[in-house]
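Note that the chains take the letters A, B, C and D in the order they are written out, and that residue 1 is the start of every chain.
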Amino acid sequence: MVNEQKKVMMEVKNIKLRFGGVVAIQNVSFDIQEGEIRAIIGPNGAGKSSMLNVINGFYHPQEGEIWFNGEKRPSMEPYEVAKTGIARTFQNIALFKGMTTIENVMTGRQLKMHKNFFWQLLRYGPAIEEEVQHRKRCEEIIDFLEINNIRKTPVGSLPYGLQKRVELARALAMEPELLLLDEPMAGMNVEEKQDMSRFIVDVNEEFGTTIALIEHDMGVVMDLADRVVVLNYGELLADGTPKEVQADQAVIDAYLGVPH
Amino acid sequence: MKKTIIGALVAATTLFTSVGMSFGDLLVPVMTYRVGPFAANGTMNANGFVDYLTMLNERDGGIGGVKIKVEECETGYKAEKGVECYESYRGKNPLVHTPNSTGITLQILAKAPEDKTPILTMGYGLSAAAKGETFPWAFNYPTSYFSQMTSILKYIDGETGLKGKKIGFIFLESGYGREPIPVLEQLAPKFGFEYFLLPVAGKDAQNQSSHWLTVRKEKPDWMIMWGWGVMNPTAVKAAIKARYPLDRFVGNWWAAGDVDLAPVGEAGKGYKGSTFNATGTDFPAVQDVIKYVVSKGMTKTEPDGPGSVLYNRALWNAALIAEAIKTAQDITGKKEIDGEDMRLGLENFVLDEARLAELGFTGMVAPISGSCKDHEGAGAAFIQQWDGKKWVKISDAIPPMKEIAQEMLTKAAAQYASNNTGWTTQTCK
Amino acid sequence: MDFLTYLLTGIFLTPFAEMIEMPDLFFQALWDGFVSGTLYGLIALGFVLIFKASGVFNFAQPILVVLAALALISFYKMGIPAWLSVVCVLIMFYALAWLIERLILRKLVNTDGNILFMSTVALSFIIIGAAQWIFGGRPSSMIHKELGFPTGSLEWPMFGGGVYFEMLDISAAVVAVLLILTLGLFFSRTKIGRGLRAVADDPQAALSVGISLNQIWVIVWFVAGVVALVTGIFWGARSDVSFALQIIGFKALPVLIIGGFTSVPGAIVGGLMIGLGEKIFEIYWGPLLGSGVEGWFAYVIALGFLLFKPQGLFGDKIIERV
Amino acid sequence: MYFRETGQFKSKYKEELAAFPIFEDKIGIAIAAIIAFILIPLFGLPGLSYEFTISAVMIPVVIFTITTLGLNILLGFAGQISLGTAAFMGVGAYSCYKIMTIFPDLNALICVVLSGVVTAFVGTIFGLPSLRIKGFYLMVATLAAQFFLEWAFIRIPWLYNYNISGAIEVPYKEMFGIVLTGAKSEPLTRYFVCLAFLVVLTWLASNVIRGRIGRSWMMIRDMDIAAELIGVRPLTAKLSAFAFSSFYIGISGALMVFFWLGAAEVESFDINHSFTYLFMVIIGGLGSITGSYFGAILVWVVPVILKEYGKSVFGIDAFIMENFTTILLGVVMLTILIVEPHGLARIWQIAKQKLRLWPFPY
């Protein structure tokens, strides 16, 4: 369903990332096309999360370049990367425990709200208008992800599955161009996985957000992803449609282990 | 549940009655500090003051037949708590305030005229308060810090001369410690001596090793100390460690109490201090206090209290207030007097040799009488030396350099009045 | 212009000239700095012990020093012979450690660091109130003579003047070194020592391995009490025992920053650095700034460390994971 | 049953975001306002002399509530611990004194606000370490600020206009004919000035906290890494928290000296006061505005009243009462930490919840 000459949104060229002696990523390059669901898979410690952190500006690679929307991106701080429209969720949930669900989702709107300090003080006229307008956008996302019943409960007390969904809601509230999902379905039971997959597909189709997805469950990856990148020990193992990757011998060896 | 309600009711009623009752008494509040780094000295001040007034109640049934109600209020030598204590006596008709701290005095000095209650800071407080016309409501009999510093400098001049000498001034970093610095600034060029300042912050009072290393560096001929609380023994100990000759080390009357040198003991031999009251228990007034109060156990004083420098001075402080109350009663003819009458008493009492003999203070303190213009009395101070166990008087009374001190006091008073617009003054006839 | 020259000479020239001109004073300053450094190190040691073993930053350690000193003097005043009153203080500390563990630590086992830290601040307020009530607020002199520690001082004449070493300070340094060695061995060699380190890393894991958490914590607080007593004796001997010691106790915080939280040698090296640095800076550069700079010097040094080497010299690196 | 929220639905988001959406909250605030503005000025507190109530209990409580509010913004909402509160109050006091002496005819209230701005600036500078260090280390950095400022207040004579005693005296100031500061001012006028400051500052604080900036503080507090990834610049968030909180603390420092104490020495800004303010925030409840009120009232009023009753009714002398209140403070703090780490504010919320179901246990 995705034709070849799709515009490339992000391209990562021979990234090399080292922590002291440990090499996390060994010159990996791949691209993410606009509007597609790009999966990144690989065994534990393959460098998937590190790659996400590189895109996010949290880690700065020793070598390699990142191209975004056709321009070479200078080395940026995480909050600058967020400004360019890249949102993410976290492997082990990073919600704001001191706030309720609606407040957490509202934090996604941080970058969109610009009323300066003076208006904030008075919270009158334009300041309150802006707040209401963004609040409306959040309510839409909450309806979209069907978490209206937990709107006022503090996030810390929510079950695991719902917390993941609130995190997705927060990321969506940023209205990102590129959404990075770090194992959104880890630790979920079957129905929860189905719900989350449906949401991911809806987000991709309805909002047109490009999604980069890290996931272990091959079943989910196969039917969700348009293209798949396989990493192993920090190196690029394979890159292609799910069917091609499934057939690739190197990938099977990596996953099922090779007697050598 | 019932018991607590009754308890609360009783509490409320006694409170109201006690407030009412105080009008029948002569309420003399005193701010004390039995807690914190200044506790040792503060306890002596408090006990002496309270014991003397209790003695008057026991022996003569109060003053002019009216019982004295003396109330302590804990300040821990902190300005904030002092203000709190002052506020807690508003509306209870206190006769006079005894802050026992220069810091607190500065805070309440502006409030006293509004509440018509005089402040007596005996030998401490704002020196400029000596000028009665500018400070109608503040008194610092018998002598102020300016006068004392001139007396000490006169003593040094007598011992080794001042010309070409170097004097180190180590002082507690507070209103109290900084008060006499203008005297040094003024007299240094006049007498041709140089001086350096060694401020000791409250929290460094116990850690003066670097201060005394600077003393070794500067090599002064004389050291003068304006210390209080735990700073005093620490300073003398540090001086001994730094091999500084103790007979060239003079503390002011708040830095030379028994309680300051007891912890140093024999090693402190030679350290000098100025004072205006003699030590020892063989004065009739002290004997009465021991007989009527201390021996009957109606006091918190330790046995070593009576006769010590600070205790006797506190007795004299209470005696001054008692005499002023008596004078106020005589002038106004009223038994229960208020703040305004007390002010008159403080300006008109007469404590000549004869009166001192009656009260039993002969030989302990110099005679002094109140006056409208001069709220200080420019009293003399004499020097005593620690001989390892007790204080020994080694000089007779050294009057302050009157003209210099008075001129500085007038200037300081004028400056204070100009700083505070709308400051009430009085003109004496 | 002359202000600039005054400033430059004041910073670079006069101090060194003074050092050369009066070397005995310089060595005396070094010795005094060394002694106060060891005492800062001892207080910091108390902090490290409890932090290493229970992950709790014990804000009450300085007040424990004051409590130990006051208790010792009061027991002695009650007529108990000197060394016996030391034992009484140790018994008191064991009971206190047991109470603290039972009433506070047991209930706050897995709360986050801040709450535990705040509880020790509250604890220090309770101890201040109780100590003042029971032992009275009056500063009193330490009974180090009765404890048999030598008094008087040695003199080392040099260049006309002389450097004076108080026997008391020497014994303080000796005892401090002994204490550090025993504690260093205690932590690495003995069974309990290893248990302590395990508990510090991860209380749950230690529990699963069978180390009884509560018993370990009582021991730790007791050992911290012993360190507090030693510090109290020597610090009290140098200057009277009173509650102002607590403020000086806070100087141990910068020592911890420099030496690192979890290392015993770090506490001592940090202590010495602060002690020496403070003394020299105060004597030679102090007058330029109006003196009294000792109050904040240690903290400014610590701030410098914080910005460039947060985990201090010996502490283990703090790693932030996403 | 007293606290029935049901039946109060919000049709518009705007109502949802109002300061006190629930009707019962509105009543609660109204009652508190009546007590503070009308009852106490007229009758004072039962059992205490009227002047004492106003000038030794009420004025300090109002001032310390502003301080606690300021520290709560920094510690409760932005998660940056600070032990330099007392020193920042000192900065507020000394800068207000300087402003008043340099511009003698400037209105007193403007001087107080300006001193708040100056303190905000100084606070931000001392907040810079927070960019690199967190938690306990930041606390030691603020300790450096505390001790350095204490040293500066004594050693820079310019700050107290070179007057000998080193203390600052309060000049005589008046506005619209009413005497505001100086010895002649009525305690009642000073009380109302402080109360007005408190009300305005509370309103501003609650606005900012529920807005964008407040949310960025809370994000930094809960998980600063995630906050950064969502677009909150740690520098602006942390420094704005320090600035805003120091503004409040500076104003409370100026009010303390010019509208309560009447003069000030360095001792009123020492480290022990920083601990007391920390207690007020923690006992009151981190991250809650009503918590700041509870904390200030409990930690200041209870000991003062205890001392007053203890002295006059039970004749316990001040020495024992002083120690007793210190112990009591420590014990209350510990129980709060153990029972409910979020302080009185959370206990109040639980109480509200219980009120909703009142006759029924769950």
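Methods note: a residue touches a chain if its C-beta (ideal position, glycine included) is under 8 Å from a C-beta of that chain, and two chains touch if they have at least 3 such contacts.
These numbers come from a predicted model, not from an experiment.
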item	value
Contact-graph separation of subunit A and subunit B, given in steps at minimum	2
Chain nearest the overall C-alpha centroid of the shown protein atoms	D
For subunit A paired with subunit D, centre-to-centre distance based on mean C-alpha positions, whole Å	42
Chain centre separation in whole Å, for subunit C relative to subunit B (CA means)	37
Rounded Å distance, subunit C centre to subunit D centre (Cα mean)	33
Subunit A and subunit C, separation of their C-alpha mean positions in angstrom	49
For subunit B, residues contacting two or more additional chains	34-35, 173, 199, 201-203
Multi-chain contact residues (two or more partners), subunit D	151, 154, 225, 319, 322-323
Overlap residues in subunit A, where contacts from two or more other chains coincide	58, 90, 94
Contact footprint of subunit D on subunit C as seen in their complex	57, 103-104, 107-108, 111, 113-115, 117-119, 121-130, 132-133, 137, 247, 250, 253-254, 257, 289-290, 292-293, 295-296, 299-300, 302-303, 306-307, 310, 320, 322
Residue ranges of subunit D in contact with subunit A within the complex	12-14, 16-17, 204, 207-208, 210-216, 218-219, 221-223, 225-234, 240, 287
Residue ranges of subunit B in contact with subunit C within the complex	34-37, 39-40, 43, 173, 198-211, 213-214, 216-217, 229-230, 233-234, 237, 241-243, 263
Parts of subunit A lying in touch with subunit D, wherever the complex brings them together	56, 58, 77-79, 81-83, 87-88, 90, 94-99, 103, 106-108, 110-111, 113, 115, 117, 120-123, 127-128, 131-132, 135-136, 139, 170, 174
In the complex with subunit C, residue positions of subunit D that touch it	81, 129, 132-133, 135-137, 140-141, 143-144, 147-148, 150-151, 154-155, 225, 271, 275, 278-279, 282, 319-320, 322-331, 333-334, 337-338, 341
